Every structure is written in C-alpha cells, then in structure tokens.
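For reference, the structure discussed in these notes is given below.
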C-alpha cells in the first residue's frame, strides 16, 4: 500500500533522512523503531507532505504522492496521528472528531453517525466527554481523541507517531490495546515508537532507523529476540537484568 | 440626564459600526497572526463600491450593500495574495507582513484617489429616509435602528459561520495550528482566503454604513478607522471575536461621551491613552485572547 | 573566573497542572562532564531553561558555588559564568564567523557607554582587542580560514563549532550543551567529543543533554537519567545502563 | 546651470531632514524594537524648538539641542513600559503614542496653536547648518556601528534568546535605542520647525510615520548608509520623474511591497551582503 524509496530529507540544515526505503503492505502493521533523534518523526512528516524530501519517492496505492501538499495526502486516506497528539485544545471533543471527517473527502459521503459511534465504541470515554474542550482531557484521553479523529477520516493507512509518549504505563497499554483491535479489523498501520519492546510485540514487521538510515529490518518477532536491537538503545546492556 | 442617555444611545450605535470594522481586522489576526494594515483601505473601497452602485448604477441600497460586501471581500482576498502569501511561503517575520500590508494599503488608497479625483462623494439625498422616533424621551432615527439591526444580523451571521458550520470549524482549526489542520485534510491556503473574504466583506458593510451615517465617502476615510480599529481590538484582545464586539461598544461610548462633554481633540487622547494603558497592564486585552510569549524575563 | 560547582536542590517546575520537572537534585563540579539523558518529553529542555534563567522555578534552588541564582535573569546567569548552546544551532546567519564569536565577549566589555557611543579611541581599541581574541579562538578551532564567511553559509558541523567558540568567548565556568551532536554521524560526534574533553580539562564543568547514548556513555563521568520529570537513576555509566528502572524507561516494561 | 542647482537646494535640504528622521526609525529597528514613535518624537521636537526659538528667543543651536533633549527624554520615558512588549504590541503601543501627541497638539491650543498650528516662524536654518547637523548625526551612526553597539543591536534583533544567553542586557539596549530614536526624532522635528516657517499637527501624523518607515525599509536596517539612501530615493524620485509626482502614493506602495518581498534587507544591505558573499566566493576559489 505504501512504498517509500530512497527518501532523503534535510531539516533545519541537518540531513535528517538518507536513502530510506520501506514498504507497508495492505492489512499489515509495521513499526519503525529507533532512538530519539533518529529521524522517525521527520520520516512520517515527509510521507505526510509536511516536509519536502530532496530525493526519493513516496508511492501510495500506486500513485506518486511525493510532492503533494499535506492536506491532499490526508484526503487520499494517508493519515497521521502526530507526535504529542496535537489536539485542537479550545475545540470540543466532538468538534475535533468532526474535523477528522474532512479527510474522507470524496472517498465516501455516507454514514457520518456510524463513524462517530464507531469511535465512541472504541473509546467510550470520548462519548462521555464529547462536549468538553479537547485541551481539558488527560494525556491518554487526548491520544485516544487523536486516534479517533484520524479514524473519522477512514484512513486507508494510519500512521502513528509515538502514541505512548508521556503516557502512564496503564494508559499506554490501553492505547496499544485499541491499536490491536484496529489491526484485527484489518486496518493498515505504520507505527513509530521509541519504546521498542512494545512496538515489536504488537507489529508484524519492523524497521530500525538510526541517524536517518534504516540499519535493520525484519519480522518484528525476529527483531525482538535479536540482542543487537536492544544494544541500539542501551549499548552493552546486560540482557539478564532487563 | 436625558442628554447622557441620548449620548449613550448614540455611542452604542457608533460602537456597533466600529465593532463591525474591527471584527474583520481581529479575525485575520486571530487566524493568521498578522496585522492587516490594508483593512482600512478595503473598508474605504467598500464604501466607494456601495456609493457607485447607488449613484452610477441607480440600484437600491440593499443591492449596494451586498455589492460592497462582495467587492470588498474580493479586494481583501487580493490583499492576501499580494501582501501576505508571498511572505508566508518564505516564513518571513511579522515585521515584513506589516510593511507589505501598508504598501498595499497605499496602492489601494492611491487607486481610489485617482478614481475619485480626490473628491468627497455623498450618497444622494433620499437614499435613506430621514425618520425619527421618540422612545422614552430619546430621539432614535430610522437610520440608527437599521444600523444596529444590520450590525446584529452580520455579527450573528459571523458567529453562526464560525461556530456552527464546518467552514467555521476549519477556520478555528487553522487558527490554532496550521500543521494539524493540514494533517486533517484542511487546505490551509483556502481557509486563509476564506478568512480574508469574510474579513473584507465585513469591512465593506461597515464602509457603506459609515458612508451613509456620516454622508461622506473619500479616499482617506480608511485611515482614521484603521487607527481606531487598533484601539478596539486592543481593548478586546487581539484575535478575539467577542473582544472586538465589546471593545467596539466601549469605544463608541467613550468617544461619544468624551466628545459631548469634553472636546473632540481630547477624546482621541483619552481613547489612545486607554489603549496604551491596556497594552502595558494587560496586553491580552480586557477579554483575554492571544498572548504572544516574550522571553526576556523568567516565565 | 574562579571555578565553582553548579548544584540543583529539589528543583521543580509546574506547567498548569503538570509537573514537568519534579524535585530534581544533582551537581556539576568544575572539570566534570555530567550527562543528562531521558526519553522524549522527560523534561530535559525544561531543566536547561530553568538553569539558564528562561523559566521560573516552582520550588527548589539552583546554586553556582555559594551564590543562589534561582531567580536571576538570563543575562545575569550568563555573566555569572554559565554558558549554553541550543538544540537547533542559533547563529547570526548574515554576520561573519568572526563577528559571531566576537559577540560572545560582550559581557567582558569594560569601556563606558558614552565612550562606545562616540567611538572614542578607548572603545575602538577594545573592539579591536576583542576581535583579536575572537580570532585566537578561531585559530584554536582550526577555523581561521572561515573568519569572514557569513555564518549561515557554513556546513552544519562548522556552525556547531562556531556556536561552541562563541560559548567559550564568554569564559564560562560551566557550559550547558543541549543535544550538541544531534544530526551528526559518529565521526563528527567523536571529533566534537574530543573538544568537549579538552574544555573540561581546563576546569570547566559541562552538563551534557543528549539523545545519543553511545556518545553520552563514552564522555561522561556521571549520568543522571530523567523520566517524566524525575531523576530515576544517577551514577557512573556502567551502573546507570544496567539499572532496571532505566532499562524499563527506554525499552518498556 | 546655477538656476538649476539653486532649484535643487530646497530638495537637498529636504533629503537631509528626512534622513535625520529616517535615522530615528533606523536605530530602533536595528535593535529589534518595532517602534513607530518617530513621528511623535518629531512632533515634540518641532513644537519644542519652535517655542524655544520663536517665543523665547533661544539661539538656534540651543533650540535644536533642546528639541533633541525633549525627544530623548520622551524616548527614555516611553522605553520604561515598552521594553516589556514585543513585535506588534510594541508597534501598536507606539502608534498610540503618536496619536496621543497629535491630539494633545490639537488640544493644547494656547501652547501649540491648536489646529491652526504655529505660523510665521523665523527661518533659522539653511543648507550649511543642515549639512553640519547631518554630518554630526551621520558620524554618531557610524560610531554606533564601529564601536560594538551596532553589533549588539544586530544580535538582539536576530536572536534575542542567544543575546540574552551571552549576557547582553536586552532591556538596557532597548532603552538606549528608544532614547537615541527620541533624540534623533526630536532633532529632525526641530529641523523641520526651524526651516518651514509654519507648523501644524497633521505634519506629524500617520503619513509621516509611514514615510519614515518606508525610508528605512527601502534603504536598509543595518548599514547607516541605508536610511540616507532610502530617504534620498523616496524624496527625489517624484521630483526627478515628474510624471510620477501625481502617483507618489502609488509608487511608494508598489516599492514597499516589492522591496519587502524581494529585497527584504533593503537596497544598501542587500548590496552589502551580496558583495560580501562574492568576496568570500573569490577568496575560497583562490586560497
């Protein structure tokens, strides 16, 4: 569904991505793991059209979307849940969700109420808080709202940037449970995570990004048991203590 | 005592027109975070279009009103295209945006000067029937009633668009975060254009109303309104819709009362002094809106 | 400037309802390189801004030697001897490399304002002397050939160096480095690391905030690990990297 | 030939007066202060000089010094609250200052002559005096650039957070910029008053504010040559290209938009940066 080929992006004068190539097949859940500052967010933002690459291509469902502006990429159903959630704070929970519907564009015009209900059944807390300002929610609830908002746009590919960032372990687990539910329904997902163990446990395939390059790739289960992966995060860690 | 109430009433009407002018001014700041110093010139062109629709085309006033709103809306979109969009593409600082909007204001004023041959125009006698009513001892003209009514309708329309339509939601989303809006599939540049159109249309309406109320339309009429518009939006808080409304009304009252009981020269000193004080004590305005962070002292 | 120890005592900072930094205590002695690591959003930048005088403390104290600098404003912190670099390089892009370094000497200017306003000989002599000192720093960093190049035209690695030189011009006794090797490859990072070691060798304390674990581990004598605003581990690299709390914070429980 | 030159003299004088006002705007913009107060300072200086010279018979040089002092004091007073504000807030607050001065000039009729202004003022300043005053100011501006204050201003304007981290007391420098701007603005106003025969409040309103701003935007905000070039071009252009005179406002507007979009550093600084880059390119090619 998504094919990224030889992507290179410079950002703030730093070359943040160098020759990144990856694929996300339809129906799969793929992780990109790597340390802070490896270029993971830059990669998602380049795919989303927020940043312009200076080399390489992004193809989505066969169409070249490399130089498409962000809103057009979103309207194709390539939706990103950005890092730090980016809830529109002064708007209500429901307004945030309704805005998410715009990305659906011409793809489907029916079933509005159903979509809201679907989000509310996945995250019941949002139904309770639907009239509240988005900014008044807790971090975990905001993450749920951000995911729900993207789902309103009926994403063909859902990209998440660090969905567990700053969440308590319980909240993070709830978020990942929701992702598992979505995956079970056939949702294609590209997940960026710093928390490698959690990411590898819930995905099919994973890429390791370091200093803007893919340094390793493989089935998530295989990577999870690869001691070298863990060494990317904590060099020379004695595995017996972890 | 009646005199005071009469002045308060007059101030209320004047304040309504200021609010109408300032709403578009503050809307652009709220959404795009730039000051559009061409807003006064757009307002002036609205008045001219309204006037020519009545005098040259002989059409009724309500048509002139709509024509002025449409024309001023389109001029305002042009202002965005010429003055702001090229700078936005480059990420230029707010200084540049202010300068380029002053430049465009001068171009618009100069064109009006050439078109009007520096003359002061008036709406023909009888464009608006002169009728007065006495209510509780106060004199109210039909004109004042229509002014207040149209301000109320336009404000209701604006609030309706902003808070009850999908377009309004998109405008508010862009105001909060352009990047998040784009990731949700909102075309940020279209929303900017729409915002400028609404802002210009409001200015156009204000232009016709003020052109009739003071029975004078000329190429320099935008400047004093722009300056007073500053006071209104600072009183209410830069970028705040309700603030612009309240600020407009306060401004109208203070101005009318101070002219009536002190002097017109002192009135400006009082109003601008008020604005100066607000900026020092509460830069976010009486009703609190955007407040840009300043990092010279520990926060 | 006499070297003195930076100490944080129970420093906290609240934003709205959230404690971004909670009861943080540690110290950086002269000549010591201390690491501060932690996942994204752990509160590292907040901590830097608290020390540098850009944010107000909610509670706790920050001392430099015996002096309490908790409420001092940023320019006074700099004059007290704490210099800093920024996460993204911030240079005066249109000015020459030499001018960018020379401005670092600002706090040491002695000629009175009037002399400078009128460009009296004493003031001009001071400007010349400052430029010579700046040039000496350039030579030391092997950048003399770039003295008159606009800083914005340099490569990223060189811009980082200019920033470092400007920081040294302040003659600090402590330097806060905010992710100095972000976006660099290992070779570039190691080159910069050797410069840091040289600086520390002169008795200047360094607080190194960094993502790059390998870099931090190789350079620091002590490391503090921040997670959700709290210090969860503190000690020499070997001890920190086998600490279960640290492993959990980075890899997930 | 002599007739032609003598017809140019008033124009040349106007350029010099405008350049003084442009320097008042330049000094604040260079320090990263978005002040539009120059027109207000000029108004205070003009009335001050006129009252001192015409009513109290103070000699011309002293009246000019008085005008500069009045402006400097006003700038200093204004800087106390305004160094806390930034950007558009600073701009709007100084705009309010200009309007307050303007309406007080209208209101205080016994002192200022109100809307009728002051008429029949003696013409105490001619070409040579102007050249002398301009020379002194230009020297002061050069001094500012050479003795380190200019580069401190540049640092504050471009990266305030960095400036602060280097121990630069930004508030002090903003005060200095306001005071200098006040002094230069007051002096410029004094020059206007002492060579114009008459004085009305509208001379110091929004149009002057915009004109002065245009000088600096067009000329450049860093090199002290910039404001002079800006003032000269905009003062002479309508006179040299006579057909343009009727479209002065239009030409100004178009110039402003084009310059800020395509040459955001202004004429002089763009050329300066370009030359430096070229020189650097040459020195790199031939090491």
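Letters A, B, C and D name the chains as they come in the text, with residue numbers starting at 1 for each one.
By our rule, contacts are C-beta pairs under 8 Å (C-beta built on N, C-alpha and C of every residue); 3 or more make two chains touch, one makes a residue touch a chain.
Computed from a predicted model, the values in this text were never measured in an experiment.
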Fill in: Interchain contact steps from subunit A to subunit D (minimum; 1 if touching)
2
Practice prompt. Tell me which chain's centre, taken as the mean of its C-alpha atoms, is farthest from subunit A.
Written response: D
Worksheet item: If you average the CA atoms of subunit A and of subunit B, how many Å lie between those two points?
Response: 43
Discussion item. Averaging over Cα atoms per chain, report the distance between subunit A and subunit C in Å.
Written reply: 33
Item to complete: Find the geometric centre of each of subunit B and subunit C from their Cα atoms only, then give the gap between the two centres in Å, rounded to an integer.
Response: 48
Worksheet item: If you average the CA atoms of subunit C and of subunit D, how many Å lie between those two points?
Response: 39
Practice prompt. Could you check subunit C for residues that touch two or more other chains and list them?
Written response: 53-54, 73-74
Item to complete: Check each residue of subunit B and list the ones that touch at least two other chains.
Response: 295-296
Worksheet, complete the sentence: Touching at least 2 other chains, the residues of subunit A are none
Worksheet item: For subunit B, which residues count as touching subunit D in their complex?
Response: 35, 82-83, 86-87, 92, 94-96, 98-100, 102-111, 113-114, 223, 227, 230-231, 234, 238, 263, 265-269, 272-273, 275-276, 279-280, 283, 292, 294-296
Item to complete: Show which residues of subunit C lie in contact with subunit D when the two form their complex.
Response: 52-54, 73-76, 78-79, 83-84, 86, 90-96, 99, 102-104, 106-107, 109, 111, 113, 115-120, 123-124, 126-127, 130, 145, 148-150, 153, 166, 170
Item to complete: Note which residues of subunit B are touching subunit A in the complex, please.
Response: 166, 169-170, 172-173, 176-177, 179-188
Worksheet item: subunit B touches which residues of subunit A in the complex?
Response: 48-50, 69-71, 74-75, 79-80, 82, 86, 88-91, 95, 98-100, 102-105, 149, 153
Response to the item:
The subunit A residues in contact with subunit C across the complex are 12-16, 35-37, 84, 162, 165-166, 169, 194-198, 211-212, 230, 233-238, 241-242
